[in-house]
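Look for subunit A in each of the two complexes below; its partner is subunit B in the first and subunit C in the second.
Right, the complex of A and B next:
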């Protein structure tokens, strides 16, 4: 019982900080820059959690995150500029469409293993960029899509920083929920078993291809969700928003946070967004300093700041609904 | 669940008929037939290169046979995928340990139960939907851990266990599948005499409790002591099939195996 109270307390505290305390700080400081930064952190949290499910938990090294982020962003941009759709409609189209496409794509891709899978995803990211660049009728090519209107829900335009911040917070909440359910469950065990030894997992009755394709689909759907909001808050999307480099940055975040660790994915997102800002005082040196910090982090903490093993144990202690609590109840 | 015919005795759990496997010009397993009866502990022995592992892999679905049939409780399972065969009731362990090193002992063992009861993405995402299934998986895991005396190590990473404990872990993982037939691939390999003794006792007890077991083993004294019946392979062919005592004195076996100073 003590454990369950701890878990609920933790969730309530996190919600209060992100949903009340931080917006208050933004309001008091009156700085739109800080609010935008908070929003960016929250959207990045969605991306790191999505990639962490795929790369951390299921062990598939993927570099095509930007493809699904791009799907979402372009869906939002095209629908809203051409048809004036509302935000929920865009979300539905982007998330459902990406989930289906990513699942089918996943079934093909996960036939490949290790570095071959990684190379295939690089190929996918490159072809996405080329397609967006050359399919001018749909994407306006290199010019990109400017003047994307603010988010519209039920006839209201939400263009204030608080509204979009809250939407980003809501998306981060969805991602944390999905990540939590998939990581800290027997489904997560199945995914980790497949990652550790696919043959042994198969001889225990698991279907690796199917489970990996499902996770690939969830990863894509979460990315697309973030992409829709990204298009609106940025009010512009172009092919250069979706370079391979962005995928690498998300990957860096989850490696620093701890591969396979949900709290690690959140921490990683916070660090990769905020650290470059904090290093701003160093001027041109900041890219080098940031790089050195990343290098040292990976050198000395190969399992990340919050390792998977420790995070799993910690979350299971706090979560009253986890099947792991059953053993404690019995004994 | 034994089906009794008219005075014919129980139907076999596993029937292997004319099983053959070629690797290019080499015939690794050559027209092998045998049956495993319910609750029987059948030993499969033979010198190195006799085709034990190849046969084992065909039974587990890891390798498709060139010819022949495999039937589990009368159902043809020849050439099915390993995960199908596992869910149909054949669980296996590995000769060279295949535990999931970065997962805890509990999580390792749960994988067999997950294979048995299944997991679904929707059930995982929607709270409450998967509750009963999760409880079953947890209960089966706990039962297997208690059965093999690993419950005190439940939260330890599997990589930290001793070699002998990892072997037990694999047996526990296989048991959570609630198999009709348990395939053990050289479980005594790499164990010290005490551990081998404990393992023999465990295997014998499992069989006495009604589990059907096929034991592939190199450790001759162990096989002779615990098995109800023994099948001997040599150069891919079956050369003997009978009670341990009969097999021990079989001249063909002595020539092929026992006379061979291993």
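Right, the complex of A and C next:
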């Protein structure tokens, strides 16, 4: 988007809405619940963008999002409750540690194709759950880790809703930037080429395993980043926060939004978080209605609300250097 | 002299492993035809268990009458799953689109969604509690096999699984529809050219697979005496593991892998706290995928 007036305008508008208009709305309504909801949406945006890189752009269907989210959350929780570390330290440890672990795991996992990969990630997710549940010395098992202190940066405790909302917004911004650079670029083209035909991509000089492992590592690191903040704003982490169903929920979000489409991932996150809240009046039937909505979305919107092709075309039109750019008509 | 306790554990492992195998074969049958995974299969298993419960309590049927009821319910739910989650996504019947990635991922998610709806609906109706099968129907009497104590249910699981497998082999090799199923699995286009109605075969596969799943749910619920709406979730994950370890498309592979995982879990249960035995199956899965990426008995690349 760099260098195009339309692109800059769009970025500024989005920043104003998320950074100024929404906090104002929260302040006017004065309801901490709505602010928390906004926070949750922004954290989910990080998760969907991360999974969208892996599943949409690189084409690896994964159900292990909770593992990396959990790595981040437990790192944040354990470090802050036991050692009283500050937020940047936790973030650094969680993101760097998870990136390394995810890269190594990725090198192993990306050898597997389609269904094999999906099943291996299911195994990973359940193994993570079992480990967290049973490694009582580290994670306190089923009791979880309660009373996680609020975010602490340079000695200041940020416990107001506005500060954590802004932190979440900052994380979402980082995720959008990383997602944008990795999707709408040469790198993204390479990932899509590998997704469509690995042999052809290899013949063009790409290294599928390495690129896939890189994307797996970046997706893990982004999720861990969201996980650290999640632990602090939730002030509790337990194994039940990291059930397989949560991974399926994130996957649902990007499918509804459109696999491989960055705006779709953002839209999917918004819908997946807000829809259950709007359905709150139905009380206990919420989960069922949500399942039905998911089902209908897959049936009638197989490419998602904002499909990959459309979002790529849109981004490329904004880029004046691209052959897809919208030119002024020659007179 | 081998400890009787260890032998008893291994017997439990065999019966659990047979259940895994039956679930995995249901998934395998569908995968062979559509190259797709049926995520609602675990909920068919749950429905089988609930049909047993309703048959035993509300309808107060004797045990022999519950069996055909559960099989019928299983077949019906298989038909429903196909109609709701798989057929609408399948817009063309040529091989390229039937087995395309888009269709595979869409059916994975639509069956997942259907499974969520069923699970949550049962959870609503029965409040998520563990429901107990009447003692008169439970298969929990101890049986002494040369010093090894097992329950009648474990024998019933092993016996019924073997019966189901024999029945499946008969169906696949001796009946018209079974031969059609095998034809479609091995060469979809060729089967179409021979005048086989693909849609009918797919429905038949779903019905057969779901009868297997529901039967497993019935026997397990009778053996352990309780039923819960989320019981299918752990089962389907284990079913996947077994299916992949066995090589995705192979029925004997699923049986061997099922027994392997079941016995390995039971054997691990002797040495480590039982909570950790969950990991054994996944360890086996990872080992298989890394060292034998096509599974123990896999031939085709998926």
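Keep this in mind: the second predicted complex is superposed on the first by the 315 of 331 C-alpha atoms of A that agree within 3 Å, B and C clash if a C-alpha of one lies under 4 Å from a C-alpha of the other, contacts with A are read in each partner's own complex, and residues count from 1 in each chain.
We adopt the following convention: a contact is a pair of C-beta atoms (placed from the backbone, for glycine too) under 8 Å apart; a residue touches a chain by one contact, two chains touch by 3 or more.
If you're wondering where the values come from, they're calculated on a predicted model, not measured in any experiment.
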Partner chain in contact with A:308 - subunit B first, subunit C second, else both or neither: first
Which of subunit B and subunit C A:155 touches, first, second, both or neither: neither
First (subunit B), second (subunit C), both or neither touched by A:182: first
First, second, both or neither for A:30, with subunit B first and subunit C second: neither
First (subunit B), second (subunit C), both or neither touched by A:84: neither
Which superposed partner A:202 touches (first subunit B, second subunit C, both, neither): first
Set of subunit A residues, in rising order, touched by both subunit B and subunit C: none
Touching residues on subunit C, where the partner in the complex is subunit A: 31, 35, 37, 84-85, 88-89, 101-102, 104-106, 108-110, 112-114, 116-117, 120-121, 123-124, 233, 237, 240-241, 243-244, 248, 273, 275-276, 278-279, 281-282, 285-286, 289-290, 293, 301-302
Residues on subunit B engaged by subunit A in the complex (per definition of touch): 60-62, 81-83, 85-87, 91-92, 94, 98-104, 106-108, 110-112, 114-116, 119-121, 124-125, 127, 130, 134-135, 137-139, 142, 154-155, 157, 173-174, 177
Partner subunit B, residues of subunit A touching it in the complex: 178, 181-182, 185-187, 189-190, 192-193, 196-197, 199-207, 211, 214, 218, 308-309, 312-313, 321, 323-324, 326-327, 330
In the complex with subunit C, residue positions of subunit A that touch it: 59, 61, 108, 111-116, 118-120, 122-124, 126-127, 130-131, 133-134, 244-245, 248, 251-252, 255, 259, 284-285, 287-288, 290-292, 294-295, 298-299, 302
